[in-house]
Amino acid sequence: MIETVVRKRIEILADTPLAKRVTRAIDKVEISGWTILPVQSGSGRDGPWRDERVTGSDKSLILTIASEEKASLLSEELVPILSSHGLLLTMWDVEVVRGERF
Amino acid sequence: MDIAALQTFTSPVVLFFLLGLLAAVVRSDLAIPEAIAKGMSLYLMAAIGLKGGVAVSKSGLDATIITALAAGIAASFLLPFIAYAVLKTFGKLDRLNAGAVAAHYGSVSVVTYVTAVEIFELSAVPAAGFMVAVLAAMETPAILSGLLLAKGGSKNGDPEERGEMLREVFLNASVVLLLGSFAIGMVAGPSGFAEVSPFFEAGFKGVLCLFLLDMGLIAARRMMDSRAITWRLVVIAIALPLFNGALGVLAGTAIGLDVGSAAAFGVLCASASYIAVPAAMRLALPQADPGIYLTMSLSITFPFNILVNIGLLTALAKALGGMPL
Amino acid sequence: MDIAALQTFTSPVVLFFLLGLLAAVVRSDLAIPEAIAKGMSLYLMAAIGLKGGVAVSKSGLDATIITALAAGIAASFLLPFIAYAVLKTFGKLDRLNAGAVAAHYGSVSVVTYVTAVEIFELSAVPAAGFMVAVLAAMETPAILSGLLLAKGGSKNGDPEERGEMLREVFLNASVVLLLGSFAIGMVAGPSGFAEVSPFFEAGFKGVLCLFLLDMGLIAARRMMDSRAITWRLVVIAIALPLFNGALGVLAGTAIGLDVGSAAAFGVLCASASYIAVPAAMRLALPQADPGIYLTMSLSITFPFNILVNIGLLTALAKALGGMPL
Amino acid sequence: MIETVVRKRIEILADTPLAKRVTRAIDKVEISGWTILPVQSGSGRDGPWRDERVTGSDKSLILTIASEEKASLLSEELVPILSSHGLLLTMWDVEVVRGERF
Amino acid sequence: MIETVVRKRIEILADTPLAKRVTRAIDKVEISGWTILPVQSGSGRDGPWRDERVTGSDKSLILTIASEEKASLLSEELVPILSSHGLLLTMWDVEVVRGERF
Amino acid sequence: MDIAALQTFTSPVVLFFLLGLLAAVVRSDLAIPEAIAKGMSLYLMAAIGLKGGVAVSKSGLDATIITALAAGIAASFLLPFIAYAVLKTFGKLDRLNAGAVAAHYGSVSVVTYVTAVEIFELSAVPAAGFMVAVLAAMETPAILSGLLLAKGGSKNGDPEERGEMLREVFLNASVVLLLGSFAIGMVAGPSGFAEVSPFFEAGFKGVLCLFLLDMGLIAARRMMDSRAITWRLVVIAIALPLFNGALGVLAGTAIGLDVGSAAAFGVLCASASYIAVPAAMRLALPQADPGIYLTMSLSITFPFNILVNIGLLTALAKALGGMPL
C-alpha cells in the first residue's frame, strides 16, 4: 500500500483580477505551489453572472495543498479581503501521495 | 433624422446588434464562445489603433491633437463629478455605488466608438485619425475621479497595493493595445499598412457584426437577470449619454475639431466603459455592486448609444458645423 | 461521375476533410480548439444566412419559396417515420434509440448543406437563396416526430418542462442565427452586404476548409471510439441518405425547383443533424445512447454525404432537369 | 485562528444542456449560490467523449456549498433526473470561512 | 433521505501530454470512468507557468471516483510516474449518489 | 545592414512582436486567449503548407528538393550533437538537461520560418515552395538525437511506451498539418488554391501580426519569471543560432539552393523548437527542467532570430550568392 500523508486542500473562488492577490498570499506563507482552474458562470447574492470575460471580471478557482499549519496562516493572511472582496474559501482534509513536498 | 441615420438601421452592423438583443429576449441559447469574443475585441482595437496611426502618419501631427488630448483627459476626469451628483441625488445611490457608476460614465467604450466611426463614414463626416489616441487617453482618468468620489478623503488600503492598482489601471490591456497599434501605424505608414490591410481593414466590418451580435446577447441577458436596477437609474443611464454627448460635441466644436471629430468626441463623452472600469472596480471598490454599474453601462447606455445617440450626436455636430443634415 | 464531381476531390474544401479523417486514423494529436470550431460554425451560419437573404432581396419572394418551405417542413416531419421503421426492423434498435436516431435523419446538417452549395457552384448549378430558409425550417420538426416515435403515446414528464424543452428546440442557436442573418441579408440588400462581404464572402471557403478539417478529425475519432455500432447500423447510415436524398431531389423537381435547388433539397433530406438534435435528445431522451445516434450521423452519414452523395444527388438533379451530366 | 463552519460541498457533473435544470433545483431549495466549471473530456459506460461542444453536448461541473439540511433537500429534488439523465453527484464535508451565508 | 455510498474521489494534476497515460491506468484497474477538467495556470518548484497551451505543455486535472480498493490499485499503478513526471495526486472520501456503479 | 533589413523594423509584423515584448516588460495584463493563439498557429501552418504545395505544383519536383530534404534531416539529426557539447562544457548543464536543450536547437520553429519568409519577400529573395517540406522534415529527427544524448545507452522505460512516444512524435500536429496542407496545395494547384486564397493568403500577414504580439508577450513573461537561466546559457542561446544559421546558409548554398532558399535553410538551422519538442520532452524526459529549455528557445533564441538573425542570414546568403546587399 502506497504511503500518503494528510494535508489541507484549500479552494478559493475569486474574481480573476483578484487571483494575483490570492496567489501572492500563498507564496508569502511559503506554500509550495498553487493551481488555477477556469470558472464558467455562477450565481450568488448579486444574481447570476456569465460571459464576464468580456467585461474583464470573470472568476477563477485557486487550489492549493498545504499543511494544516500553513493553511491557517493562509486564511489569516486572506482575512482582510475575504469578506470585502467576496472570496469563497473552502478547505478539507485530503490524502496526498508524495506528500513530503507540501 | 437624416438619410444617413436611417441607413443606420439597414447597416448589417446595427442589425446584428438588434439580432443579439432579440435572440436574448426570446431566451435563445445562441452564444459566442468567450475566447472568440475576446479575440474579436483585441482585433478591433488593433485595427482602429493601426488605422488611426496610419492616418496621422499621413496628415502629420499639429496643435489640434494636443488640444483634443487635453480636452479628452479633462472630460474623463470631470464627467464623473456630474454623474456622481445626479446618481447620489436623483438616483438615490450611496456614495460607494455612485462613485463606481460615475467612473464608468467618465471613461469610454471602444466598441461604441468603433461603431460610431462606421456610421460617420456612411454620413460622409469621417473622424480624424488621432481621435483613437483621444479614445485611449480617456479610458483611465475617470477611474481616479470615481475612486476619489467613492472613498472620499479616507486613505485605507496599504499604499503598496494602491500603487500596484494604479499601474494595472494605466497599463490595462486596451490602453496598451490601442496606443501600441497607433504607434505601429504611425511608424509603418501607408506602405507598411498595405501589407496587412486585407486583414485589418477588409475584415473589419464583418468582425464588428459578430462582435455586436455578442454584445447584444450579453446586454439583453444582463438586463433580464438584473435585480438592482430602479427606474431612476434607467432614466440616468439614458440622460447621461444625452447630456455628456451634447457637451462633448459642443466642446469638440469649440476647440476647433472638424464635424466628424467633434461628433466622435461627443460619442466618447457619451459612452460608458464596460471593460476597463468594471475590472478596476472589482479590485478597488469590491463592495460596489456590479449589478448596478454593469447593467447601467452595458445594458442601457450602450444600446441607447448604438441605436439612437450616435445618430443624434452626428446630427448635432453637423448642425453646429453648418452642414445640411 | 462527371468532371465537376471529379473536381470535388481536387477542391481544398474536400481535401481538408480527408486530411482530418486521415490524421485521426493515424492517431495524430492534431486538434482544433473547441472555441475556434464553435466560432467557425457560427461564422458559416451567419454567412450563408446573409448570402441567402441578399439573394432573395434581389430576386424577390414568390410562390416557389412557400412551396419549398412547406415541402421542407413536411419532409422533416415525415422522414423520421421511414427511418424509424428501418431502424426498428432491420437495425434491431429498441423504440427509444430508433426514435432518437430517426429524429437526426429528418433534421439537417448545416455544414453538409454549405459544402454542397460550394460544389453546386463548381458544377454551375447554383441553389436559390431561399433554400437557406428551407434549411432553417427543416432543423426542428423532426425532433417532434422523433420524440413521438420514441415515447409512443406516453406523456410522462411534467408539462412545464415539456413546454420549455420545445421553446429551447425551436429557438436553438442555429435556427435563430440562420433566420436572423437571412432577415438581415434581406433588409441590408446588396449594398448593405457590400460593406461586409470581404469578411463573410471572401473568407468563406477558407474557413470551411478548416472547419471540415476539424469535422474530419471528430468524425473519425468518434468512429474509432465507438462501441455500439453494428454492421446493420452502418448499412442504414449509408442507405438512408441515398434514399432520402433521391426522394428529396424528386420532390424538389416535382414542386418546380430549379436544378441547383432541387439538388440542395435532396442534400437537406439526405443530411443528418449532429448539433441541434443531439442536444435536444440529451434533454428529452437521456436514456438513448449518443454512441449510436452521434456515431451514425456524424461519423458515417456526414462523410458519406460530403465525399459521395452530394455528387450523386447533383447528377440526379441534372438528369431530371434534362441537363448534360 | 480564524473561525470556520462545516458545510456540505456538492459537485454535480451533468450534460451542459441539463445544467440549467440543476441550477434551478439549487435555487428552488434556496441554497445561496452555485458555480459552474467547464469540463474537457471524459469516459464512462458509453465510452470516451471529447470535443463535444461542437455537437452541443459537452458536460459541466456544478459546484454548490450548502448546509447539510439543504444538501439533502437538493439531492431529493434531483432524484427524478439523477439516474435517468446520468448525473454524477458527489458530496463531502468542508470547512467554510465566512460560512454564515450558507 | 436519499441513499449514498462512500467512495474515494481522486484528483490528479498532470501535464496534458501525460493525461492519456493516467487515464489508461484508470481504465486498466477497471474504474468505471474519469473526467478531465482544464487548468489555467499554476506555480510549483519550477516557478509559475501559464499560456502553456501554445507550447503544447499545459496541465489537466483528471478526476475519478472509485472504491477504496480500486483507488489504491490506481495509486500503485501510477507509482512509477508519480514522482518522475511530477504528478500531484490527492484523494478523499465522498458520498456518492447512485454509487452502485463505482 | 541593407535597406531591406531596415525595412524589417517598419514592418507591422516585427513591430507587433516588439509591442508584445514591451507590454509584458511593463507588466500590462494584455493577453490573447489561448484558444485564439492556438487557432492562429494552425492557420499559419495550413497557409504556408498550402502555399508551398501550390508553388511546387507550379515548378514541379526535381532533384534539388530531394537534396534539400536530405540535408534538412541530416541537420536536424546532427545539430543537437554540437549543441550538446557546448551545453555540457561551457553551459555546465547535466547530461539530462543538455540533451533536452540540444533537441530544441536541432528542431525548428515554424513561426520563425514564416516571419523569415515574409522578410525574404521584402528583400526580393523569395524562398522556394518546397522549403515547407524541409521545415516539416526537420521538426522531429532532433528529438531522437536529444533523447539519445540525454539517456546515453540506458534503455529504461518499457518498449511499448517508447514505441508509442515515437509515434506521437512523428505524427505530431504540426508535422501532419504542414505536410497535409502541402499535399493539398500540390493536388489543388493554383486553380484550386484561388478559391481559398482570400482567406489563406490575403489574411496571412495580419494574423502573423497578432500571433507575434502574443509570442512577444509569452517570451518576455517567461524570461521575467525564469529562475534557472545563467549568463552562460544566455550566451549559448545567442551563439547557437548564429553558428547553426551560418552553417545552414553555407550548406544550403553548397547543395545548390537559390539565395532565398539558402537563407531559409539557414533560418531553419538557426531556429529552435518551442512547441513539438517541449511537449515531447515532458513525456520522455520529465526530469529535465522546462525552465531551462523553454526559456532558452522561446525567450532568447526566438526574439534574437526574429529581430536580428534573420537579417544577418539574409545578408550572408546574398553575399554567398554574389548578390548586392
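Labels A, B, C, D, E and F are assigned to the chains in the order they are written; within every chain, residues are numbered from 1.
Going forward, a contact is a pair of C-beta atoms (placed from the backbone, for glycine too) under 8 Å apart; a residue touches a chain by one contact, two chains touch by 3 or more.
In UniProt terms the chains read A, D, E = Nitrogen regulatory protein P-II; B, C, F = Sodium-dependent bicarbonate transport family permease.
Computed from a prediction, not measured in an experiment: that's the story for all the values here.
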Chain E reached from chain C - shortest hop count over touching chains: 2
Chain pair showing more contacts of the two, C-D and C-F: C-F
Centroid distance [mean C-alpha coordinates] between chain B and chain A, Å: 34
Averaged-CA centre spacing for the pair chain E and chain A, given as whole angstrom: 19
In chain D, residues with contacts to at least two other chains: 37-38, 92
Junction residues of chain F, two or more chains touched: 31, 33-36, 38, 198, 202-203
Those chain pairs that satisfy the touch definition: A-B, A-D, A-E, B-C, B-F, C-D, C-F, D-E, E-F
Residues of chain D touching chain A in the complex: 1-2, 4, 7, 9, 23, 27, 32-38, 60, 65, 92-98, 101
Interface residues, chain D side, partner chain C - complex: 15, 17-18, 21, 46-51, 53-58, 81, 84-86
Residues of chain F that touch chain C when the two form their complex: 33-36, 38-39, 42-43, 46, 50, 167-168, 171-173, 176-177, 180-181, 183-184, 187-189, 192-193, 195-196, 198-200, 202-203
Contact footprint of chain C on chain B as seen in their complex: 10-13, 15-16, 19, 22-23, 26-36, 198, 202-207, 209-210, 213
Touching residues (chain side chain E, partner chain A) in the complex: 13, 37-45, 59, 61, 72, 75-76, 78-79, 82-83, 87-92
